[in-house]
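The two complexes that follow have chain A in common; it is paired with chain B in the first and with chain C in the second.
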Partner chain A sequence: MSKFTENVVSEITKDYIKKLLEKGTRLDGRTADEYRKIEVQRNFIPRADGSALVKIGKTQVLVGVKVEKGPPFPDTPNLGILATNAELVPLASPTFEPGPPGEEAIELARVVDRGIREGKVIDLEKLVIKENELVWVVFADIHVLDYDGNLFDASSLATMIALLNTKVPAKRNDLGEDFNLPINHIAVANTFVKIGDNIVVDPNLDEENIATARITVSTTEDGKVHAIQKGLEGSFTYEEILNTIDSAKRIGKDIRENIISGVD
Partner chain B sequence: MSGMKSDVKLIDESGKRIDGRLFNEMRPIKIEAGILERADGSAYIEWGNNKIIAAVFGPREIYPKHIQDPSKAVLRARYNMAAFSVDERKKPGPDRRSVELSLVISNALSSVVFLEQYPRTAIDVFIEVLQADAGTRIAGLTAASVALADAGIPMKDLIAGCAVGKVENTIVLDLNKDEDNYGQADMPVAIIPRTKEIVLFQMDGDMDYQEIKNGLNMALDASMKVYEIEKEALKNKYIKLAGGDSDE
Partner chain C sequence: MENSNIREIVLPGDMVDLQGNKPGTGIYMEDGKAYSEILGVKTVRSGYVNIIPLTGRYHPQKGDKVIGKVIDVLPSNWVLDINAPYLAPLHVNETSWKIDFGDTGKFLNIGDTVLAKIMSVNEVKQVWLTMKEQGLRKLEGGHIISVSPTKVPRIIGKEGSMIKMLKETTNTKIYIGQNGVIWIDGETDNILKVVGAIRMIEREAHTIGLTDRIKEYLNKS
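Coming up: the complex of A and B.
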C-alpha cells in the first residue's frame, strides 16, 4: 500500500475540494496552475559540498550533495557519476516508517535523477580525474523533512539548487584547487494531479490524497522535455497529457527565472 | 537513455532501421495464454527478441496481513529480470529500476481490475523477463494483462501499450536494444484500449512538445494493434481447449 496515500481525508474535505475545483479555485485560494509560496535557503549545510533547503508551502525538503572520487562505470569511462537517493525520514510524516527506501522513495529518487541526468544538467565530461580510472562521483541525497504534498517538485528544485552551489572538493583530495560543479542546464520538474476531471499543479497533501493520477514533467531552459513520469492508479486522456506538458514548459520557465536565478 | 555514443548508423538513407523496420513499424509479437500449470493465470510473450512470462495468483490471502485493504484487493506486480536475460549477467533480485517498474506496472493493472470485488485479498502478478531486448516493461505489462484475463479476474478491459523513442532525430515506434542504447529518448505508453485512457506514461531523454505529440499518436495506434493480438491469444486458448483448430 502506498505510503503517500495512506493519509485519510474526510469525505467533507474531499467533496469541498472537488466542489471548489469545479468553480475554478482551490482550498488554499490558489488557481489551478499556481504554486504555493516557494522559499529557498542555499548552503544550508555548510559541511556538505552543496546543499539547499526548499519549502513549497509547508513541504520541506533538504538536499545535501557530497562529491567523492571513485572509479567510473565500465561503459562510461570518460564520464563522472551522478547518484541520487531519497529518504522519507519518519519525522516528515506519521505515515513514513524507518527502514530502507520503499518503492515511493525509489520512484521519487529516480524521477528527480532522470530530470537532472537526461537534461544534461551536470557536465559529467568535466568530472574525469584520470580516464578509465578515477572520476568525481556526485551524490545527491534527498532528505524529506516535512511532507505536505508534492515531494517531486520540492526534491527536484532542492537538488537543482544544491548542485548549483556545489564545490568539487579537489583540495581535500590533494587534486588541486576546489572548483564549482560544472553546470550546463537548469532542469525544473512540475507535478500535476488529477482530481475528478480537474488538473492542478503543485498539489498539497489533501489534494494529493484524493488525486487519482499524477504526472511529473521535467524541462530545461531550451523548452525541451527530458523526463516524464505518470504516477498513481488513475489515467489521463491524450489532451490532458499534452496540456500538462505545455503548462510545464510555461511554469518551469517562471520557476527558473524567478526562483532559481533569484537565489544568488 | 544511457546516452552512449555510437558509430552505428541507426537509420539508413532509405529510412530503414537497423533491423529493417520502417519508423512506424512494430517488432513481431506473439502471445500465448495459459502456459503454466500451477498459476491461476499465465501468459508468454515474444516481442521482438524479448521473451517474458507473466503469472497471476489470486485473489488469495494477503501476507503480510497489515497491508490488506478492507475495501478492495491489493494488486501487487513484481517485475523481475533473470540473471541471464541481458548481455552482462544481472545480479539477481530487485534493484531500484525493477522496484520502480513494478510500481508503475501495478498502477496500470490496478486501473482495470475490479479490485473492490475482492476486499482484504491480494492479487499477485509475477513478471519474469527471460530475455531482454528493450521495451520489457510494456511487453511484461501486456503479458500480465493477458494473464489476469486468463485467471478469470474481472476486468474493465485489457491493458495494451507500446513504446516510442527518438533515434537520429526521428520519432520511431518500438525501440530495439541498439536503438534504446544509442537513441535520444524513450517513451513507454500503455492505455485502456476501449476508452483510450493513458495509464502508463514515462519519458526520458530529449524531446520537444511536437515530438511527444507525434510519438503519443504512434504509440496509441500501435497499442490498438497489440490489443488485437492480446484478444486473439485469449481466444486461441479456448479454441484449443475446445479441441478446435486455432488460427495458427
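Coming up: the complex of A and C.
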C-alpha cells in the first residue's frame, strides 16, 4: 500500500470537471479566467525584514525576506544579489515529504525568481555597498503552508508583496539609516493549465492533477512579458500561448491594481 | 432546549444530564455522573443519550455501505480509500465477477469509484470490503463530493426524508456512503443544485427546521 490516495484522481471527478468546462464553468463555480479569492497579509512576520502571507482559495504561502551584506558574485561586482528558495513542508500536503528541496520545490523557486529577476523588479544596482567588495544580499524564502493548487501564482504574489515592504537593515549593520528596498517594477505571475481542450487560470488541486499542460506567464505593469515557464508533458498551440499571454496581461493588471497596490 | 433553535453542544468533560436515560456513545461515567468524551451534539434516542461528534473521520462499522476510490491494484485485491483511518482491501472473491489471478486491473482500475459494503472490522479497525450484494457496483458518470461523516444522518434525514426530497425535486440519482462520500448523477445543473443543498445542510446541520429551508432553497433556484 505504497500509493498516496491524494495522488489518485477519481475518474468520476476527472470526467465531471471536463463536462463542466464544456459548459463554461468549473468545480467551484468560477469561469475559465477567474481567480479564487485572494487574501493578503503584509508584514506577517514582525522580525523579518519583509514578509507576506498570501491565500488563494485554500492555498496558503508565507514568504519571508532577509537582507544581509555579503560579497558580490565575481561576474557582477556592481549588482546586489537576489536568492530565492522554496520549501514544501509536509504540513502543507500529505504528498510533501521532509528533506532537501525536490524537483517541485526547485522549479517553484526558479519560476518565482525568474519572474522577479527578469522583470528587473529590484534595482540591484542600488544595493551595492562597496563595488567589488560588499553588496546587499536579498534572501526570499517561500514557505508553502497549505497546498490546494497554483503554488506558482501564490508564491510569486507573496514574494512580490514581501519585497515591496522590505526594509534594508542598514542601521543594524552600521551603514547609515534603514531604507526601503528599491523596487522598479511590479511583476505578477499567472498560471494556466490545459484540461482537455480548455484552458483555465488559477487551477485548484483537482484541476492541477488532471491537467495535461501548464504555462506560467510573468508580466510587469508596462505590459511586458518577462518570463514564461511551460510544464507537464502536454502541448499548447501557437494561438493558445498568445491567448494566455493576453489573459495574463489583463489579469495581471487587475491583480496589480486591486491586490498589490490595494488596501494595506 | 425545546425552545432554542440550536441543539445542545457539549465539550469534552462537560457534565451531561441524562434525564433518566441510559448513557450511550460518546459518554463516560465517573462517580455516578455522566460526562461527554467528545465535542458534539447531545441527542436522546430510544432511552439512550448519545453524543454525536461535530466533526471527525469515518469510523468503519460492519454493514455500512461506503463509497471508495481505488488507489492500488494488486493481483488478487484492490486497495480502496474509504475516508477511514486505514485503507481497505477488496478481495476478488468478494465481487460477483469471475476473475483470473492477476486480471484485477481489467475490472477495476486506479481512480475508479466503487459502492461497497463493510464486511468486517477487527479490533484494530482493519477493514475488509465486499461487493457481493445486490446494488453494490462500480459507479460511473455523475459527480462525487465528500462531507464530514458525522453529517451523513442529517443529509439522509428522518427516514430518508431529506434525501428523498433532494432526489425528487432535482430528478437526480444519489448514493450516500456512510463514510461521507456522496455520488450524484443527473443533469449538470441539477448536480450543482444538489451540491449547493448538501453544502447548506453541512453548514447548518445542528439547527432545527433545516428541511423547510432546504425545500425553499431547492424551489427557489
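As a working rule, the second predicted complex is superposed on the first by the 257 of 264 C-alpha atoms of A that agree within 3 Å, B and C clash if a C-alpha of one lies under 4 Å from a C-alpha of the other, contacts with A are read in each partner's own complex, and residues count from 1 in each chain.
Rule of thumb we're sticking to: a residue touches a chain if its C-beta (ideal position, glycine included) is under 8 Å from a C-beta of that chain, and two chains touch if they have at least 3 such contacts.
Worth saying up front: this structure is predicted, and the values here are computed from it rather than measured.
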{"item": "First, second, both or neither for A:Ile106, with chain B first and chain C second", "value": "first"}
{"item": "Touching partner for A:Ile241 - first (chain B), second (chain C), both, neither", "value": "first"}
{"item": "Partner chain(s) touched by A:Val137 [first = chain B, second = chain C, both, neither]", "value": "neither"}
{"item": "Touched partner set for A:Val9, first chain B, second chain C, both or neither", "value": "second"}
{"item": "Partner chain(s) touched by A:His226 [first = chain B, second = chain C, both, neither]", "value": "first"}
{"item": "Which partner reaches more residues of chain A (counting touched residues only), chain B or chain C", "value": "B"}
{"item": "Which of chain B and chain C A:Lys23 touches, first, second, both or neither", "value": "second"}
{"item": "Which of chain B and chain C A:Lys249 touches, first, second, both or neither", "value": "first"}
{"item": "Touching partner for A:Ile215 - first (chain B), second (chain C), both, neither", "value": "first"}
{"item": "Residues on chain A lying within both footprints (that of chain B and that of chain C)", "value": "1"}
{"item": "Residues of chain B that touch chain A when the two form their complex", "value": "1-4, 67, 69, 74, 96-97, 99-100, 102-104, 107, 110-111, 187, 191-192, 195-209, 212-213, 216, 220"}
{"item": "Of chain A, residues touching chain B in the complex", "value": "1, 75-76, 103, 106-107, 109-110, 114, 118, 215, 223-238, 241-242, 245-246, 249"}
{"item": "Of all residues in chain C, those that touch chain A in their complex", "value": "69-72, 79, 81, 87, 110-113, 139-144, 183, 188, 191-192"}
{"item": "Residue ranges of chain A touching chain C (in the complex, touch as defined)", "value": "1-5, 8-16, 19-20, 23, 29"}
